[in-house]
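Below are structures written as structure tokens.
In what follows, chain A forms one complex with chain B and a second complex with chain C.
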Partner chain A sequence: MITPRALLEKSAPLLACIGLLCVWQVASLTLQTESFPTALEAIRAIPSILGDKESLVNIGASIRRMAIGLSLAVLFAIPLGLMMGRIKGVASFFNPLLMIIYPVPKAALMPIIMLWLGVGDVSKTLVIFLGVSLPIIYHSFQGGKAVEEKMLWSGAAMGLSAPQRMWRIVLPSALPEILTGCRTGLVLALITMVTSEMIARQSGAGNILFNALDMAQYDTVFAMIMVIGAMGILFDAAFEKLRGRLVRWSKPQHDMPLSFS
Partner chain B sequence: MSVVSLRSDAQAGSEPLPALKPASAMIEIDHVSQRFQTSGRQSHLALSDINLTIDDGAFVSILGPSGCGKSTLLYIVGGFVQPSDGAAKVKGKVITGPGPDRGPVFQEFALFPWKNVLGNVMYGLRQQGVKKAEAEARGRKLLEMVGLKGYENFYPKELSGGMKQRVAIARTLAYNPAVLLMDEPFGALDAHTRTRLQNDLLTIWERDRKTVLFVTHSVEEAVFLSDKVVVMTRSPGSIKVVVDIDLPRPRKRAELLLDPRYQKYVVDIEKLIDDTGEDEIHA
Partner chain C sequence: MNPALNKVLLGITPIALFLALWQSLISFGYAPVTMLPPPGAVFLRLGQQLFTSDFLHEIAATLVRLFGGFGIAVVLGVTIGLAAAVSPGINAVVKPLVRVMAPIPKVALYPALLLILGFDHASKITLVAADALFPILLSTYYGAAMVEQKLIWSAMAAGTPRSQILFKVVLPAAMPSILTGCRIGLVISCIVVFLAEMITSTDGLGHMLVQAARTFQTVDMFVPLITISMLGLILNSLLHGLRTYLLRGFPEV
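Let's look at the complex of A and B:
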């Protein structure tokens, strides 16, 4: 049974999207500028992008780089963050380094990286890796630091060695915090992906966008923005689903039996 | 350390006990002191020259004001903290680290939140290489024993404090440690739950008589449960007196509360604690 209220709650995101498109449409019709196509024009340009084989190859290449950069970052940042969280020496060594690196826009390093590694996949993947690593390190660090010492003692009494405790107690108990970092990382991966392709124009979703901009195909530009935005929503939703499964234990499923002491 | 026996005929002549093991030393604490570095290059003496022998199968409580180092003493026996001076031994071997012969139960429960109730109880067994099916069977049996049948698939987040502590006790009993180290295990529970868990712990303990080292600041709890009560002084913690509790077992709460001997122990120990200038002990 779906109540009208539940229906409204369910359809709220869709209504928000439609509302945004309406505002866009009206604004565009009012302003009448060539560089600001109407929402309908932009939507109409989407099939031509998604129907074009070359565009799809480009978008596929973007996603591949993003996936590789993100995966490498996860493999590197989680162990580092957790070790920083558990071992004081590691934290005091890396913390100042990360403090320096944190505010630097990773895309700003792109020209130098291109100089060293060329304009190909390696440079772009590296920039994505750099952009994504920091939030994951930070959250893994916080998560690792917050692990209850008594929990580790309990594990030690059962005979778990220090590396086993890291892998089997610190990692799972920090997982909710780690995954919060990964979610931020995922969105950042998308952002750095597009930025890197803006700077090193060769292939990718960003390349389609900026090429269209150069050729004054504004409907394609806006269509591409929508495609990238949709990708972001899709990835985030998929990740949230995965996260929900992995840390199901951190949210109560059963009602607490109050009568029981 | 002075040993005062409020009843000199302690142990001997009391009611015949089921499966009473011959008294041999399970834990020996030998001239243990503990110093902590505090900020500003100062050091704080938490424990001062502790000597204590705990017999195999004995239920021994450590009673003392907050900050007297009683938990630290338990952590030293657990091997979680290394003493600055002296040594603690279990079965004659110097303790250098934690081990499955000494199972801790903490006030904070310290359950693994990502494992369900059964998974928590099976954890130590699996770690010791027990086959899954066997570990599961033993886990279920233990959960039944602590009154949590039907909660196997619950996650710790979904349990009340009392239930969590039941799981923690089952989890520790599962790998069958020779010694149970209980660090104010019922300190975070409400009075009613606390009473129920004390009763259940006593029933379980009277069945298999493990050596128990039990830290608490409730005098009643200590007298109700223990064979011996170790009263500690305020910081730096040292042993003020060891009181033998000569009350028959199995103990029934309802009978004990009316028993003048029980009442005398409680009053006498409270007086001992008052002498140390203690104002934080709550009955």
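Let's look at the complex of A and C:
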């Protein structure tokens, strides 16, 4: 039996979406400029984007690059972060370097990487990989550092070797924190993907967006923004479901990671 | 050797290695100088430019946008975050909105901002503010929501009027968390302002990079990147200084 209150809570994000769309509609009706279409006009332009084969292929290619970059980053960043968390020397070795790299916008490396590797998939995937790695390293580092020493001692006493302790004790107990990092990474991957395509302007979702802007198809611009925004919300919600399953045992933490960028 | 010095040395090693690798790629002929300028040339150019008024003008344009956006984000984020933590009614409205808006890639909104606000400062400042807002808002909210009830009770028992509890108890108690959010927001601001300038701009560091890329001046491409990294480091350490000042008397976190 669903109580009205629970129902309201479940549908709150949906209501928020509708509310935002209403605000948009009202704002564009009051501003009355040609370059700011109403929400309804933008929604009407969505089917023509999703129905067009070429733009679907473009968006698909974007998502593929994002998935490859993200998985490479996960494979690389989690072990590195956990090692930094457990071994002091590794941490003080990498920390200053990471601190210098952190404020550099990774998508800004795009023009330089394009010089070396061309405009193809490799450079865009590399940029996504770079952008996503840092938050995952950071969160794995925090998670690895917070593992209780006693558990490691008991593991050692029961004859687990150091790599086994890493795999059987450190990884599971740092998992909630690591997954928070991955969630940030997921949103960041989407952002880096869009930005790198806006800068390289050759294919992909970001390119559709700016081409429409150049050709003054303003309803397409706003429709594409909605498509990208919906992708962000959907990926995030899907990952949240997955995370809920993987770490059901852990105390519910912040239900939102802090470091969206 | 004392451990602190050891740590510093260990930290400098990878940076030195990185620079050595960079230099050796060129020295041993793996990368032509036109594609990858030697680090010496890049830093030399940075040193020369640092005292030209053009370059300082670009930095100033970037900083105005950065601080404008970041400032708006701090004010809005802290206000909304505190309000949501204190009042359940506001929380019920803010929470679903944040849930929906936080995972949207804000850069995608940039074309819309361009159309609505024009190509000038306003659209870039808004983008920076939108991106930096959510980490600050969320960390303020979590910090204020987790203030120990006992602190509030003791303040009330000591005669603090209800209207002052928010500023005398909740805000200071949430300060560490707020400052953490601000640090994340600051790094994000650095990144976003640069990207926005790269996409469309007529001045600023990001514009310098795009301009250099169009004319294949590789040395000039590295200069703005190194500048933004150093700006980020400087601002970060300033914020760290503010943090130690504001949180004097707090137990070390």
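A few remarks follow.
The criterion applied here is as follows: the second predicted complex is superposed on the first by the 250 of 261 C-alpha atoms of A that agree within 3 Å, B and C clash if a C-alpha of one lies under 4 Å from a C-alpha of the other, contacts with A are read in each partner's own complex, and residues count from 1 in each chain.
The criterion applied here is as follows: contacts are C-beta pairs under 8 Å (C-beta built on N, C-alpha and C of every residue); 3 or more make two chains touch, one makes a residue touch a chain.
All values reported here derive from a predicted model rather than from experimental measurement.
Taking chain B and chain C in turn and counting the residues of chain A each one touches, the greater count comes from C. Of the two partner chains placed by the overlay, only chain B lies in contact with A:W249; chain C stays clear of it.
Once the two complexes are overlaid on the shared chain, A:M158 sits against chain B while remaining clear of chain C. Once the two complexes are laid over each other on the shared chain, residue contacts for A:V122 go to neither chain B nor chain C. Judged by the touch definition given at the top, the superposed model places A:F94 against chain C, while chain B stays out of reach. When both complexes are overlaid on chain A, the residue A:I225 reaches chain C alone and has no touch with chain B. By the touch criterion stated above, A:L40 is placed in contact with neither chain B nor chain C.
Judged by the document's definition of touching, chain A residues 254, 256, 258, 260-261 lie at the interface with chain B and also at the interface with chain C.
Taken in their complex, chain B has these residues touching chain A: 78-80, 97-100, 102-104, 106, 108, 110-116, 123-124, 127-128, 154-160, 162-163, 171-172, 175, 177, 189-190, 192-193, 196. On the side of chain A, the complex with chain C involves touching residues 12-13, 15-17, 19-20, 31, 33, 35-36, 89, 92-97, 99-109, 111-112, 115-116, 187, 190-191, 194-195, 198-199, 206, 209-210, 213, 218, 221-222, 224-225, 228-229, 232-233, 235-236, 254, 256, 258-261. Considering their complex, residues 7, 10-15, 18, 35-36, 92, 95-112, 114-116, 131, 134-135, 138-139, 142, 180-181, 184, 187-188, 190-192, 194-195, 198-199, 206, 209-210, 213, 216, 218, 221-222, 225, 228-229, 231-233, 236 of chain C touch chain A.
Chain contact summary for the complex, chain A toward chain B: residues 148, 150-151, 153-154, 156-160, 169, 172-173, 175, 247, 249-254, 256-258, 260-261.
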